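Shared between the two complexes below is chain A, which pairs with chain B and chain C, respectively.
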Partner chain A sequence: MAINSDVLVIGGGLAGLTSALKAAREGADVRLVSYKQSSLRHASGLVDLLGYTPDGEGPVTDPYAAMGDLHDAHPYQTVGVETVREAMDLFDDVTDYRGDHTDTNALVPTHGGTVKPTARYPTGAAAGLASDDRDVLLVGLESMVDFDAPHAAAHLEAAGVPFDVRGETIRFPGDLQADAKITRYAKLLDTNGEVAVRGRKKGARDALAERVNTVREKEERVGFPAILGDDHTDAVRAALEEKIGADVFEVPMGPPSLPGLRLEDRLFEALDEAGASFETGNPVVDFDADGDRIETVYIEKNGARIPNSADQYVLATGGLVGKGIESDRESVHEPIFDCHIEHGEDRYEWFDGDAFGDHPFASFGVETDETLRPLTASDSVEFENLRAAGSVLGGYDFAAEKSGSGVSIATGYVAGENAAAEAR
Partner chain B sequence: MGQTPHIAVIGGGSTGIGIARDLAMRGLDVTLVEQGNLTHGTTGRMHGLLHSGGRYAVSDQASATECIEENRVLRDIASHCVEMTGGLFVKRPEDDEEYFQKKLEGCKECGIPAEVISGEEARAMEPHLAKDVDKAISVPDGAIDPFRLVVANAASAEEHGARIETHSKVTDLIIENDEVVGLEVEHASGEGKRIHGKEGGTEEIRADYVVNATGAWAGRIGDMAGVDIAVRPSKGVMTIMNIRQVDTVINRCRPKGDADIVVPHETTAILGTTDEEVEDPEDYPEEGWEVDMMIDTLKELVPMLEEARTIRSFWGVRPLYEPPDVGSDDPTDITRDYFLLDHDERDDLQGMTSIVGGKFTTYRMMGEEISDHVCAKFGIDAECRTADEPLPGSEDFSVLRDYMDEFGLRSPIGRRSVERLGSRADDVLKTSDPNPTVCHCEGVTRAEVQDAIEQSGSDLNAVRIRTRASMGNCQGGFCCSRLASELHGEYDETIAREAWDELLQERWKGQRHALWGEQLSQAALNYALHSTTQNRDNDPADGEPVDFAAFDSGVSAGEASGTADVAADGGTRNGN
Partner chain C sequence: MSDAQSPTDFDPVEPNTGEDFEPVDVFPDSNDFDLRPGADSCFKCSVCDTNCPVAEVDDDFPGPKFQGPEQWRLKQTDDDYEIDDSVMSCSNCMRCDNACPSGVPLSQMHNTARGEYVENQMSKTDLEYWRNRILSNYRLSASIASKVPRLATWGMNFGPARWLMEKTMGVTKERDFPEFATQTFREWWAERGGADASRRNAQQRREELGLDRDADKKVAYFHGCYSNYNTVDVAKAMVRVYEHYGYEVVAPEQKCSGTPMFANGMLKDARRHAEVNVSSMSDLVDQGYDAIASCTSCSMALRQEYPELFDIDGIEKVSSNTFEAVEYLRIHEDVKEDVQEAQVSGELAEEFAYHAPCHARNQGLERQSVELFRDLEGAGIEDVGESCSGISGTYGWKEEKYAKSMDIGEEMFEHMEHAEGEVGMTECPTCAMQMEHGTGYEIRHPLELLEAAIVE
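Moving on, here comes the complex of A and B:
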């Protein structure tokens, strides 16, 4: 006896979550299954729409305006600019992200000291915007190798930011190991756990603020690596702001990224609120089809194959990074349904010789019809009840364009909407 | 000659550095120049095999005998660079039994300890060996880190007064009255350690004698003096796996052939190799089929290689040489022996000797012979001590340490750090400051990186070869930015950025030959990390100035915390 639903979404990243959420809000009975950790833990937690054109022009001020010039096979063209706006409304509705007051991109300083164009940013990053001209103090932690505050500050100055920026490195209060995980810092701040400072016990938030106060001059905003709490990040930031007497912001970091994980948590919560069910940690390993309809997919759990049946399916398994697309020496393929993926015959055609060159692999993915149904090599629909969303789609280079989140949200939205509409 | 002679050595590979150390220890003044980093040429592009000599036991017994002698010496003087893995010459059912017996005999004749073991015994040692392997000969092959070895030799040479100049290319030889009397050198970034942005310049280095130890590049130096040195460069591919499929060196027991060795090396296993003559040691084709051949042939010995992950491939160029009258067609027939070409005897050009041919395992012996030769020129009677005096890092030292207590490092990181640093571990790792891990793949901490920066200037690739940082699974995906930040303490942001870019590009280059499967996925992740969050592909510090005022500055920047309102630019849907 299979587990049944109207819509089955495969993949728990931004695209999968958005499509499940949209389908559920449309009234469908939705189930989401995901296997590995989503790539949100690798991502900065910033939600970008379009930062650079495919020709490398940018940073783009108005992403919506620039979308119109994209080539026809770009996912934004497939779904249409107005739909991207609708999808972002849904995102804005379920998160407390900032940036929805304007179409204009923000430039957010990140951990290496550059700025990244982005359409939405977490509340915690809001005080850090590079177009705000108030002076900045960046605070790094001695043992945290992913954020070197003096280096980031010097790099931002070289980028010509319109404010003075200074970096200071302090020792995190208490006795954390040099290789302590990011979550260890976050947890200490979440709970305001006691730390020993010169033999006296203090709350971690107070102790951290005190250390910052010894190095702060008159900067009106203070940036920390993104470790300011996990579950109670607003409270941690408010407490620090009060004790430091300046605005506090988080600088987005590399993996593991707390802002990315917080966003993931929030979207799962929203999915739960919308009444969808989900199951994480188990892969889809096989499927049955009847002609061009997928009947059942099989999920492997503790060695058993559990059938899951739905009327409509959404493939949101990610790209090469998320392993929704795989390759071997001869070919590139989509591992679950073996959807067609266009690629050069010789693997040496898959990349450019320059680290930041025009890499064909970056655009590997399925091509779809207007309703996001994957197409075969001869442009017919692979399965009439399968849609694809997010990085499994081809035709765009999310890294160069800074468009990954936006494409995932927009195509997830459309796939979810169409799947719900088609479901019996 | 009353004064101490000054010897200029050209070439910072194992041969040149071995000569420099030897001559410096004998009390001569030495200057070594190298066009790139240390190990830039062939030394940095080998499979890391410490030969037992077994490989040459049938075809070239003179080389085989030298190998086993030097194998024993290096285990002693370079213990922190050597891992005695042992080696097997493995016979498959289709391989010739007669050759197997010859190999065994040859080993015995050359004094190489060799023992036949059954297929079962071989698989008990190495569970991933093919099920149908008949039997094997066990020999004392080992793995050696060429980078660490050369760096240690350089440190020792410097301790004995030698001057080592990297990134310094010889542009001409100074010749007066048919005698080489010095070099013209172009420094990429001034004298001393390489620092990005530091102005270079030319220097005339006068010398009483010049040693050309440039291996495959020897002909170029010869051309500057109008002498013909017909090195026959021969390329070989090596493919690096992301894990050690074997812990013993696995050789195929057959006369000769491509793709017949797997060397466990640090965290990886290296597959090798090919032997194909090339015209130019710097410009030759590197092709995918060569990589495919490594995997497809060596999987006959270790089947799991078929599906395994490779992290990069690289090519090296052997500096083969044979006297002009031999005339071998096939490079595999050219001897692995080395030749000392005294240009006075050979070409009536005084003041210079070239050393060509030879192989990494016997670098020290070559250094000894050429140092004897140079000393004889000056009538100096000084004994060679390089076979007895341990290299820095290999002095008497117990690696059985309690890393946690002594250095505050977790066990695997502490163990790996101490293996790399050997007897220098105390000096480098004992620090009162927090010592976080910078490269997780290879277990490299900040203290070790800082120690390498002290030796390398702002060159992160030189830091890399000293520490192995960025050489593991992720190929620098996670640690390139961290290494740049470690530089920033000592150097300004512009220099750190340039070094960062250089490392990113270098790491990308070698992965070209590994971009499928897991490694393509890793490369896509690295590309995303570097391009999205770090935005290094459009670094605003590198390009056109950004008009910050044209972008969102927040709803009203201070609203949330009640500070002064700051106007929002472009704050409407209709653009700005």
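Moving on, here comes the complex of A and C:
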């Protein structure tokens, strides 16, 4: 016996979630299993499609137009540009992200003061776009060294943004410990919890706005590191806007990331609404196959092997960082089903001597047929009921192209759609 | 060139590991579990910190990344390093384990550090030590109380006595002590005929189901302390549900799972209890039984904390054959279909506000009840969100932790108030206490609903 479903998705990142969501909306009984919590809380929360071409040209203005010029093995070419649009419609349907009014990339300032071309961005980042010509005040917090506001402002000016930008560093009211977690700030702002300012108790939102008002000059928009609440971020932002008298936005941060966490929460909620099942916390370690059909996969829990069976499977376990692809000195492999990963025999062929060079390892991953079924070294299908999505796929370098989210959403969508269609 | 100039004879293409290479043993031999690989795996992404319910409400608590890998490294490099006393503010919810992308054994590190702190740095004449010891040995208090259950329930909730307990022992007077059952589960079990009766019931049921009368379906029930002394209906439901599916149940000799002891750093007490549990369970596993727990903290202890903290003969066998009660049925029976076809009426025909215990999360069980019961006719279930209830066993019973415990629980209380139902549901006995304390709702266990749904 086993825990059964029509479709079993392995992996809880953007690709796995999109895949499960699509399959569930197609009417399949879907179950998603993830080794750990979603990798989305490591991500900025921005959703990019294509920011730069594989040759490094960019920022790309229209990602859809640029997709047509990609090489044939690129996942966008496998699924087709029209399908990418359909997949983004699904994403737009379940989130309140901005950017869906145009094909053009938005330019969003990052915590390092660079400008990132991205197709979608959270509502909370909307007032911060670099294409807006209103002046900006960036507010950093003394205890949050990840975001040096004056430094980020100087960087943005050097990048030639069409507005004046200034950075100020303040202390978060309430004398929090220097190592307070982002969730602590978010919780205080979510609940407007009391903080002590010079012996007087005040709501955290009011106290923060007052401090900003002492450093703001005439800037019409004010950017904070992304700590403005978790569950009630819209309310936090609205309250700050009212008290400061300017538009307020969040600057996306590195991990751990609240915008990523909020997106994770939203997508799991959508998955629940679609009637799917899911669990996290333990890895898929093994499987049984009958010929070229996967029959059962096993989740390991402290030595116990929990069988999970489905008609169709989706592999969305991530790439080299997400451990969906592993390597040692001898080889590069996919650890669950041992799907073929093309790589040079000598490991010194896997990287470029230049740190920012064109590294072959960045594009390592499984190759697939047009329905996203992984292929063996001789180009036959590995398993007839297995599809792959997201960064476990080869043929693209998401870090250089800024295409990670888009490829995950588009291939997740296709894998989920095909899996649901095939499920009996 | 920088100061970090590389040696001129070093060739990265042919590393010089072959010649004159003497590996240095940085850390001396020890019988402790080696936590170094775990500490080395931490790349400081701090995602564990986003899971910590304590750090979210209290910035004086430095969070799991510090308590685990950072403190462990400090300890290795400085002989005089003492474990930071903040480790006692960790509630051992273990949520950080589920966050780490590198598989750092955070809760194992916390348990180890806390044990070391209590053993080496806490005064054994301190009231705090004895308060924690008494709280964590709940089984002992409960076994005495159960001799005179009505008197004990009254006495433990008698105002002046509670005032005195708070003043002298630091046990909060804000909470109501749980009611003791007038008949313990084990008394009921013995009166019912014990394992023999269960075998007869199972055999009869197998015949009704068209199975082999002597089919190999047998489980050893780890009921834990709470369903023995307090929520006896949960344990009875477990027995009836399992017999309904043709399983024969045994209730072997057992002590506390150790959960409250781990959380208080009382590792010696925990080990003493674990030895008894492992001994009786491993014998049964050898005979083909699987160990089943109805409390998610008990199953967590047997599955994860035992092999991570103790080296006892048979411990891995027990851990890899332990399951949570509903999980086991999901694997081996068509329980989902049975529930879909069932209907509940009567006392349990309710809308339930369900809270997933933290200890259910790492076992991948946080959605189990919601997903199982969402298609059940006659009852409804709504998840009240991913926040921690805040009580964490003995944590919320401590006078100095009570306010923090309620701050953590606030989000859950609010979600429970907003949920349609006015009856709560959870697998964890102390989460249930907190849910009741914060809302006044009656709290039920999923096994009770499962029994109402499928057992005639």
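Throughout what follows, the second predicted complex is superposed on the first by the 422 of 424 C-alpha atoms of A that agree within 3 Å, B and C clash if a C-alpha of one lies under 4 Å from a C-alpha of the other, contacts with A are read in each partner's own complex, and residues count from 1 in each chain.
Here is the rule we go by: a residue touches a chain if its C-beta (ideal position, glycine included) is under 8 Å from a C-beta of that chain, and two chains touch if they have at least 3 such contacts.
Predicted model only: the values in this text are computed from it and were never measured.
Asker: After superposition on the shared chain, which partner residues are touched by A:G303: those of chain B (first), chain C (second), both, or neither?
Answerer: The second partner, chain C, only.
Asker: In this superposed model, does chain C or chain B come into contact with more residues of chain A?
Answerer: B
Asker: With the two complexes superposed on chain A, say which partner A:V145 touches: chain B (first), chain C (second), both, or neither.
Answerer: Touch status of A:V145: first partner only.
Asker: Quick one: classify A:D179 as touching chain B (first), chain C (second), both or neither.
Answerer: Both: A:D179 reaches chain B and chain C.
Asker: Which partner chains sit in contact with A:Y348 here, chain B, chain C, both or neither? Use first/second/both/neither.
Answerer: The answer is both, since A:Y348 touches chain B and chain C.
Asker: Should A:S277 be classified as contacting the first partner (chain B), the second (chain C), both, or neither?
Answerer: Only chain C is touched by A:S277; chain B is not.
Asker: After lining up the shared chain so the two structures overlap, which partner does A:G27 touch, if you call chain B first and chain C second: first, second, both or neither?
Answerer: Neither partner.
Asker: Could you look at A:P255 and tell me whether it touches chain B, chain C, both or neither (first, second, both, neither)?
Answerer: Touch status of A:P255: both partners.
Asker: After superposition on the shared chain, which partner residues are touched by A:K36: those of chain B (first), chain C (second), both, or neither?
Answerer: Only chain C is touched by A:K36; chain B is not.
Asker: For chain A, which residues lie in the overlap of the chain B contacts and the chain C contacts?
Answerer: The answer is residues 42, 179, 255, 323, 348 of chain A.
Asker: Show which residues of chain A lie in contact with chain C when the two form their complex.
Answerer: Residues in contact with chain C: 1-3, 33, 36-37, 39, 41-42, 176-177, 179-184, 187, 191, 231, 255-256, 261, 272, 277-282, 299, 301-304, 306-307, 322-323, 348.
Asker: Okay, in this complex, where on chain A does chain B touch?
Answerer: 42-44, 46, 48, 51-52, 56, 58-59, 61-62, 65, 98-99, 101-107, 110-117, 123, 126-127, 129-134, 142-146, 148, 150-151, 154-155, 157-162, 171, 178-179, 220, 241, 247, 252-255, 257, 319-321, 323, 326-329, 346-348, 350-351, 353-356, 359, 361-362, 398-400, 402, 404
Asker: Which of the residues in chain B end up touching chain A in this complex?
Answerer: Residues in contact with chain A: 288, 292, 408, 410, 413, 433-438, 446, 478, 481-482, 484-486, 488-489, 492-494, 496-497, 504-505, 507-509, 512, 515-517, 520-521, 523-525, 527-541, 545-546, 548-555, 557-558, 560-561, 563, 566, 568-576.
Asker: Would you tell me which residues of chain C are touching chain A in their complex?
Answerer: 13, 45-47, 49-52, 55-60, 62-63, 66, 97-101, 303-304, 307, 316, 319-323, 327, 330-333, 361-368, 371, 383, 410-411
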